[in-house]
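After the structure tokens below, expect a handful of questions from me.
Chain lettering (A, B, C, D, E and F) follows the sequence in which the chains are written, and residue indices restart at 1 in each chain.
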Amino acid sequence: MDVDSTVKAIKSMEIHGAGRIARAGASALSDFAENYTGKDLEKFRADLAEAKENILGSRPTAVSLWNGVHATLKGSDACGTLDDTKALIIKNAKQFNESSVNAVKIIGEIGAKRIQDGDVILTHCNSSAAISVIETAFKQGKKFKVYATETRPWRQGIVTVNELAKKGIDVTLIVDSAVRSVMKYVTKVFVGADTVTSHGTLVNKIGTSQVALAANEARVQLYVCSETYKFSPMTLFDDLVTIEER
Amino acid sequence: MDVDSTVKAIKSMEIHGAGRIARAGASALSDFAENYTGKDLEKFRADLAEAKENILGSRPTAVSLWNGVHATLKGSDACGTLDDTKALIIKNAKQFNESSVNAVKIIGEIGAKRIQDGDVILTHCNSSAAISVIETAFKQGKKFKVYATETRPWRQGIVTVNELAKKGIDVTLIVDSAVRSVMKYVTKVFVGADTVTSHGTLVNKIGTSQVALAANEARVQLYVCSETYKFSPMTLFDDLVTIEER
Amino acid sequence: MDVDSTVKAIKSMEIHGAGRIARAGASALSDFAENYTGKDLEKFRADLAEAKENILGSRPTAVSLWNGVHATLKGSDACGTLDDTKALIIKNAKQFNESSVNAVKIIGEIGAKRIQDGDVILTHCNSSAAISVIETAFKQGKKFKVYATETRPWRQGIVTVNELAKKGIDVTLIVDSAVRSVMKYVTKVFVGADTVTSHGTLVNKIGTSQVALAANEARVQLYVCSETYKFSPMTLFDDLVTIEER
Amino acid sequence: MDVDSTVKAIKSMEIHGAGRIARAGASALSDFAENYTGKDLEKFRADLAEAKENILGSRPTAVSLWNGVHATLKGSDACGTLDDTKALIIKNAKQFNESSVNAVKIIGEIGAKRIQDGDVILTHCNSSAAISVIETAFKQGKKFKVYATETRPWRQGIVTVNELAKKGIDVTLIVDSAVRSVMKYVTKVFVGADTVTSHGTLVNKIGTSQVALAANEARVQLYVCSETYKFSPMTLFDDLVTIEER
Amino acid sequence: MDVDSTVKAIKSMEIHGAGRIARAGASALSDFAENYTGKDLEKFRADLAEAKENILGSRPTAVSLWNGVHATLKGSDACGTLDDTKALIIKNAKQFNESSVNAVKIIGEIGAKRIQDGDVILTHCNSSAAISVIETAFKQGKKFKVYATETRPWRQGIVTVNELAKKGIDVTLIVDSAVRSVMKYVTKVFVGADTVTSHGTLVNKIGTSQVALAANEARVQLYVCSETYKFSPMTLFDDLVTIEER
Amino acid sequence: MDVDSTVKAIKSMEIHGAGRIARAGASALSDFAENYTGKDLEKFRADLAEAKENILGSRPTAVSLWNGVHATLKGSDACGTLDDTKALIIKNAKQFNESSVNAVKIIGEIGAKRIQDGDVILTHCNSSAAISVIETAFKQGKKFKVYATETRPWRQGIVTVNELAKKGIDVTLIVDSAVRSVMKYVTKVFVGADTVTSHGTLVNKIGTSQVALAANEARVQLYVCSETYKFSPMTLFDDLVTIEER
């Protein structure tokens, strides 16, 4: 898809979800390079910079987009020729997209190692990485029970419950204020991430910190399931994370 | 109201609310004594014991009923004559009912001393005692802001918000999972009580302990607004509180 | 038994155990009063004071003895006649001894209310009050499991394991350093008391505080099973408890 | 020693101790390379892989063996010729063994910097690294006192006490349940390690976590004395450590 | 001294110090009763009420004055005759004044039981009750060392150091910010009280809560040395303590 | 300045302050290299080593000097010719000095990102890095309030207050013992560093740990503003930091 269409699709929420947005940004730059007909490297660089700014501007609060775009452009400044530059961008985008698609699967495999027979798992909101961990463990034949919070106000927990129940997993919906009450039976918590800062701070759906507080009090281990492209590089220089309010 | 009608009305939830149930029990025993036509003290005692058991059986989990009934009968065993016994029961019931009606008002006056200009108050569920504190402080001209939790699943927080807003109090409804997020702005928490045990343990609506956990972490003072007839005397001998599930 | 024989028997450890020593002291004073042949109240009081000092001196570190002796003499100074004084002492001693014998049974009944099906109980050392709680719950048909610490250096845990196993209770001996490891499965801890100070401090067999530390970290409730005559009245004036080293 | 003999000796516990097992594995591979008479690199690699598996299988729970074997084989896949491969393996094994032998001495020197006159040291079980720290400080003329736990059930603390006392160090044996009682006098704790995971978790003899809990409560610094070949590389991918039960 | 002179002397700070103010208030009422020449009980009561209000108004923030005045008037409403009323007031005042004078001495005796050879004591500001504890222990021949904080801005610590040094006690002045640094050597902290609320909250010189925080972190026992007439009875109904700013 | 003059100036405190001392050491080595007239590399190295020791010896407790000197000599051993060696030393020194001068400015820019309108900032002692953060935020137009501790005994807080007030910043001096009292209003704490160890331990002016304790209790973020040349490399091998007492 060309840059303009990608920007429009992201702005209109037609393309949504941290992973999909990031891959769309990477692909748009790859297509831009592939279809570029000019011959001048300097001109290409200027046009590329403009394309990059447009793409980043389509969702300034999405760290995944920032990371996908920069992963795609990595090293392109150092290329000596136009052809080399284009080739690198195309290769980078392909690599980023593949690893992005694989990430949820790999997270599922790594995280499932931590689930054991008899576990009682709590999850909050609707994280594909956390769900991947739970489903992978279930496919491995492990026996466990899941609590999913309703996650008011948008009630994403109902989506989570439906996804897990469809696979045959024993899952129970609880109201958000029941977290501390069920925590005494919970053995592990798995949540996703909106972003993770350079200081290791997790930014995620409202209610996550309350789940973490109750888990910490009850000495229950809480696992954050996050693709690496959710890390916020800007926080290295002490910039604060901007949180989107819808 | 006679004993049978009272029992029916409590069972059918026609009479509901901790205070109203307790007063209905006390009144039923008072009416029983007043209208008793027999002349034999022993026979009266036996009939009274039966009436007492019927009333207590109408809602065995209601501590307030237990307390109202026992406050009414207090000292009646020691009376030497039928007339003295009847007089004492009538007097006890009157006294219990009056102090029960006054309790919410007095709690409001005591609690309001703790509210100061600039406070940010959090309340959970719909407690008439906690609301009395907030409204009393408001009538005293104090300037403050209130957060009320939605209190899923029955959303009693909406009733709370409506009651307070109607009086002109600045009140905001929050989802239950936002408690820890707003706690950094909160200066005081006021909640009601279902019952309080002899060890000082508070039993209250689901979510209360989560509010308390967040308040404790943030070093915000939490006040429990409870009439004394909500104390559980049976817990003195280490009996556990039975929690009603509806 | 007369005072001198009682003192000898306590000193030689022939009479041992907090309860038995206390009752022996009470009985010795009762016998002293019963068999006193003098007629002069003042003389009786002086002889009694001497008997009291002798008995207390037989084991100065035993709080139970101090409490048994003072319970026996309570109010005797206020009696106007020799006969009244003797009668009171005899009555007090009888009452103390009966309540002392009943205490372990009553503790068992109160404590057993806290044990539920599925509990995993930890006990330390060999406390007859803690064992009474466990055995009472077992007789009530409750299903649970017990861990008993070895309690080095004297290994009183082996006595505990034998007592419980003989009744058919599922009990496992663990080394003292395994307490924190098993604590994640434990739901309740029951221990006895050597003495309890006026500030509520528990003094008990070495290792008890370590069990309490691990229980507190794991948020497991710990119950101290103690007869009231183990309370140290001298600590009201900030005196420290003297700990016997054998 | 050849591979088969080494495997047998490890399995029969003839060769035991984390360091000795690791060095035996490294030496067996070195000898295998040195004595290999074949000429084909591919064949050598296949035979080497088999030897490696046999050695690792002799004690699958020993992280030190895994690390010794992998340190020996490091880089061997990248060698272009059979001679280069053999030479690298021989060199790697020599280097690993030397550094393994030196590690305890170096740990002693580093750790002793932390011991000062007047310190009261606690150690648990019988760790040669922790003992090396204590003895090095003693040789430097520092004045301190040591508590060693009995370490039930196998009582390795008695070995520790004998080793230290023989050198003239002031050492006292305590029962495991006295740890929290002596901790108020202790200024530093030194313990060894069975293994350390990639998350920094220490796995060590039962009772270590209880010592750590008491040290943490009393704000006493606890030092883990561990050779680097005790780190568990498999835990990088969230695998759990398998604990051997004897 | 008559009521007017007492009021003037308190207002002008001629009479100062919690104890002296309280005793002056009690004495003024006693003198008022003793010198009253009227014959009518009702008139006396009205005059007495006025005297009481004047005295209380001389220092409204002094809890000790409130307590001294109310202790003096205790029970006077129930007296049937003018003579009885006067006699009671005179007796009450005498009793209050004596016990007030004795309190510091008794606190010294009780508190000194807690000091042992080798202790390192920290005190803050200049509390006569805390100093009484330290000096009593010193007179008993106990060997210990004292740290006294400078207590900026008014530097009352210098007075404390002088008082203690004059008696021959080993005392060191430290700056207020060194509290946490010396706390690792401190074994006990003794401080005084401005007032103590019904919830057990201590109100005292600025810096006391910081000392308490450091003591709590280091698990050092902190003793509050307070006469009972420093308790704030008004706080029973949740009134807040008014803090005087000079 | 030549080496001898530099050493003298540092010893006499003519050159003082962590940054200035470090830059003086770097410059002295650079001048030494620039002015060296010999032709023999080995001889140069020996003379350089002597110069280095002299410079380090002028203030052995100053980590910044150690770091400035080693940054200047970094890589010089690997140079093949005298000219290369001299050139590298001159270049290194220039680079160190520039980055040292810039560090406080950069810290100011990074730290100021964390200050927001409405903040209440606490600082302790007189740290140029912490002041740089506060002043940078002020220049950016942010509205906030500052508390500065007096920092007894040398009262560096008065210097801090003067510096900030001169710029028009709203700053209040507090006594050191008021830290915990104002902490409930404080939103961020900024302090400097004397040195930071390899374990992340901060060593700074007395009182800093007390500020940190109060901030931690109140969950207020505390930022340490430190140039990288204040890190103590020797602590990597567990050496303890030597603290200078003046």
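Heads up, the rule we're going with is that a contact is a pair of C-beta atoms (placed from the backbone, for glycine too) under 8 Å apart; a residue touches a chain by one contact, two chains touch by 3 or more.
Computed from a predicted model, the values in this text were never measured in an experiment.
With steps allowed only between chains in touch, the distance from subunit C over to subunit F comes to 2. Within the contact network of the assembly, the step distance from subunit A to subunit F comes to 1.
As a whole-number value, the distance joining the C-alpha centres of subunit D and subunit F reads 40 Å.
Averaged C-alpha coordinates give centres for subunit D and subunit E that are 62 Å from one another. For subunit E, the set of residues touching two or more other chains reads 217. Those residues of subunit C that touch subunit B in the complex are listed here as 110-111, 113-114. Subunit B makes touch with subunit A in their complex at residues 149-153, 175-181, 206-207, 209-210, 213-214, 217.
Residues 237-240 of subunit E touch subunit B in their complex. Within the complex, the subunit F residues that touch subunit B are 217-219.
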